[in-house]
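Just so it is clear, A, B and C label the chains in written order, and each chain counts residues from 1 on its own.
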C-alpha cells in the first residue's frame, strides 16, 4: 500500500486560482450594485412612506425595517463564514480563506448596526438605551465573537497559514453559538418578568411583512456586493504583498 | 492507554515540581475575591448576594489566564510536533492534557473556595452548592479553553488572545454555573451545566487535535 | 552492539518535489528512492532547503508539487508510526528525570524497547535519575537519540543529528545509523558534517542549493 503525502493539484484547485476568480466575478459587481440600489430604493419607499405605523409604538417601528435585516445578516454572515471554513479545511480551497476573511469585518459591522438600531428602537419602548433582553444580549455576544475572530486574523503574520487556524475556530464558534443563544434565553427568563415588550412584535400583517422582506433582500444583496468587493480587495492585497516580497528578494544584498 | 496516562502523569509532574507555577493561579483566584469589597464595599448582605457570581468570575479569570501554558511548553521544546508520529492518537493526547490541566488549575480553585466563601460571607449551604457547580462546570470551561489554546499555539505572543476568543463562548458556563448556586432553577441549571460540560469535553479532543494539526503547517 | 530486531521493510520514494518558501524556490523537481538499508545524505549550504525537505518528508510542510510515497505497510497502518523525526529541538522536559523523559516517549510511541538499554547505548546509563535540566547540550541531544532507540521504527528522518555533539557523539550517531541500516531500516539525514558510517556503499547523496 502506498501513501501519497503530497497530492497533485486537481481541476478544483486550479479553478481556485485567484486570477480566474477575479476574472469570472468582476462582471458581476456592477449588476449586483445596481440591483442592491434598486432593492433599497423600493424597500425604503415601502418602509418609510407606504406602510402603517404600529398601534403601540407609532412611527418608531420603522426602525425595525433596518434592525431586523441587520440582525438576520449578523447570523447569515456567520453561516457564510462557517461554510467557507469547511471549504478551507476540507478542500483547502484558497478562495474559501479569502471569503472567510472578507466576511468577518462585514459581519461585525452588520452586528454592530443591529445593536445600534436595536438600541435606538428600544429607547422609546424601554426608556433606556440598553436592556439585557435575550435577543439583544445574544447579538452582543455574537458581536464579541466577530471581534475575536478579527483579532485572531490580525495576530498572525502569515495570513496564508492563518486561514486554516481561523477556520477551525470559526467552526468551534459555530457549534457553540446555539448553546450560547439557548443559555442567554434561559438566563433572561430567569431574570426578567415576561411582560416586557420586545422590539420584534408577535405577528406581522402583510402590509408590514412585504416591505420587511424587500429590505431583507436589499440588505442581503448589499452583503453579497460588499463581500465580492472585499474578496477582490483581499486578493489584490495578497498580490501586493507578494510583489513587495519579490522586490525585496531581488534587491541588492538579499542573499 | 499507556500513552494517555503517561501524558497525564508527565504534565502533572512538570507543573508541580520546582519551577512550576501551580500555586500562582490559586493565589490569583483568592486575590480576585479579596479585592471585591474594596471595589463595592463590605456590606455583608450585598457580598453574600453577589458571592456566587463573583466566585464564578474569579474562577473564569483564573482558568482563562492559565490557558496559554496548556500547549506552550510542548510547542517550545518540540514535543508538539512529535505527537503526530506517536502511537497514541493526537485526540487522546489532547484529552490527557485537558484532564491534567483541570487537575492543575480547576481543582486547586475548588480546594481554595472556602477562603473565598469566608471573605464573601457565604453560608455553608451556598458554599457547598458553589463547590458542586464548580466541579460540574469547570471541566467544560477547561475543555473550551483547551480549544482556544490549541488554536493560538502557533502565535508567538499568544498572551491574551486565547481568553478573548474563549470568553464569549464560555458565557453559558457562567450563566448556568452561577444559577446553579443561587436561584429558583438551581437544579435545572446544574443539569444544563453538566450537559454543556459533557458536550465541550467530547468536542475538545477532536477540535483541539484539528487545530494543532493545521497549526503545524 | 549487533542489531537484535529486524525492522519491517519500507521504501521511501520521492518524485518531482518542489517547494517555495515566501518568494524563493527552494528546490525543484527533486526525486529519489531510499530502500531498506540505505541512507540519503542531504548536503548543501545553510538555507539551501535541507531542513525544509526533511519537513516535507515528515509531513510538516506541504510541497508545492510532487509526491512523497511510503510503501510497504499494511492497509490499516498509519505511515507516521513507521517514522522517527529528529529535528532541531530535542523534546526533553527539564524538570523530569532522564529516565522519566525517555519512559514517557516509550509509552507514547510504543515499541516495547528497554529504557535502560537505550540510555546505556547512548552513554547516559549512569544518569537515569538525574533531572534532565542538568544535562549539557550534547547530553540532551544524546537523550533525543535514545528516543529513536527505545521504539524501533524503520524510517529515520534526521535534521542535523550531530548538532551540539562532540567527536565521540559524532561517532555515536554514525554507529547508531549503521545499526539501524543493518536492521533493515532506512534514513534521510540533513547534515553538513561527514557522518562516520562504516559501510559507505549504503550512502547516497543529494546536493541542494547547487
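Keep in mind that, in the parts below, contacts are C-beta pairs under 8 Å (C-beta built on N, C-alpha and C of every residue); 3 or more make two chains touch, one makes a residue touch a chain.
This is a predicted model, so every value here is computed, not measured.
Asks: Give the identifier of the chain nearest to the protein's overall CA centre, each chain being represented by its own CA mean.
Replies: B
Asks: Determine, using the mean of C-alpha atoms as each chain's centre, which chain is farthest from subunit B.
Replies: Of all the other chains, the one whose centre lies farthest from subunit B is C.
Asks: As a quick test, compute the distance in whole Å between the mean CA positions of subunit A and subunit B.
Replies: From the centre of subunit A to the centre of subunit B is 31 Å.
Asks: Per the centroid of Cα atoms for each chain, what is the distance between subunit A and subunit C, given in Å?
Replies: Here the centre of subunit C sits 47 Å away from the centre of subunit A.
Asks: With centres defined as the mean C-alpha position, give me the subunit B-subunit C separation in Å.
Replies: Centre separation, subunit B to subunit C: 37 Å.
Asks: Give the residues of subunit B that touch two or more other chains, as numbers and ranges in rising order.
Replies: Expected reply: 217.
Asks: Taking each residue of subunit C in turn, which ones touch at least two of the other chains?
Replies: 59, 62
Asks: Residue numbers of subunit B touching subunit A in their complex, please.
Replies: 144, 147-148, 151-152, 154-155, 161, 164-165, 167-169, 171-172, 175-176, 179, 183-185, 192, 196, 199, 203, 207, 210-211, 214-215, 217
Asks: Mind listing the subunit C positions that touch subunit B in their complex?
Replies: 59-62, 80-81, 83-85, 87-96, 100, 103-105, 107-110
Asks: In the complex formed with subunit C, which residues of subunit B make contact?
Replies: It is residues 2-3, 5-7, 9-10, 13-14, 17-20, 73, 76-79, 81-88, 93, 216-217 of subunit B that touch subunit C.
Asks: Any idea which subunit A residues touch subunit B in the complex?
Replies: Residue positions touching the partner: 89, 141-142, 144-145, 148-149, 151-152, 155-156, 161, 164-165, 167-169, 171-173, 175-176, 179-180, 182-184, 186-187, 190.
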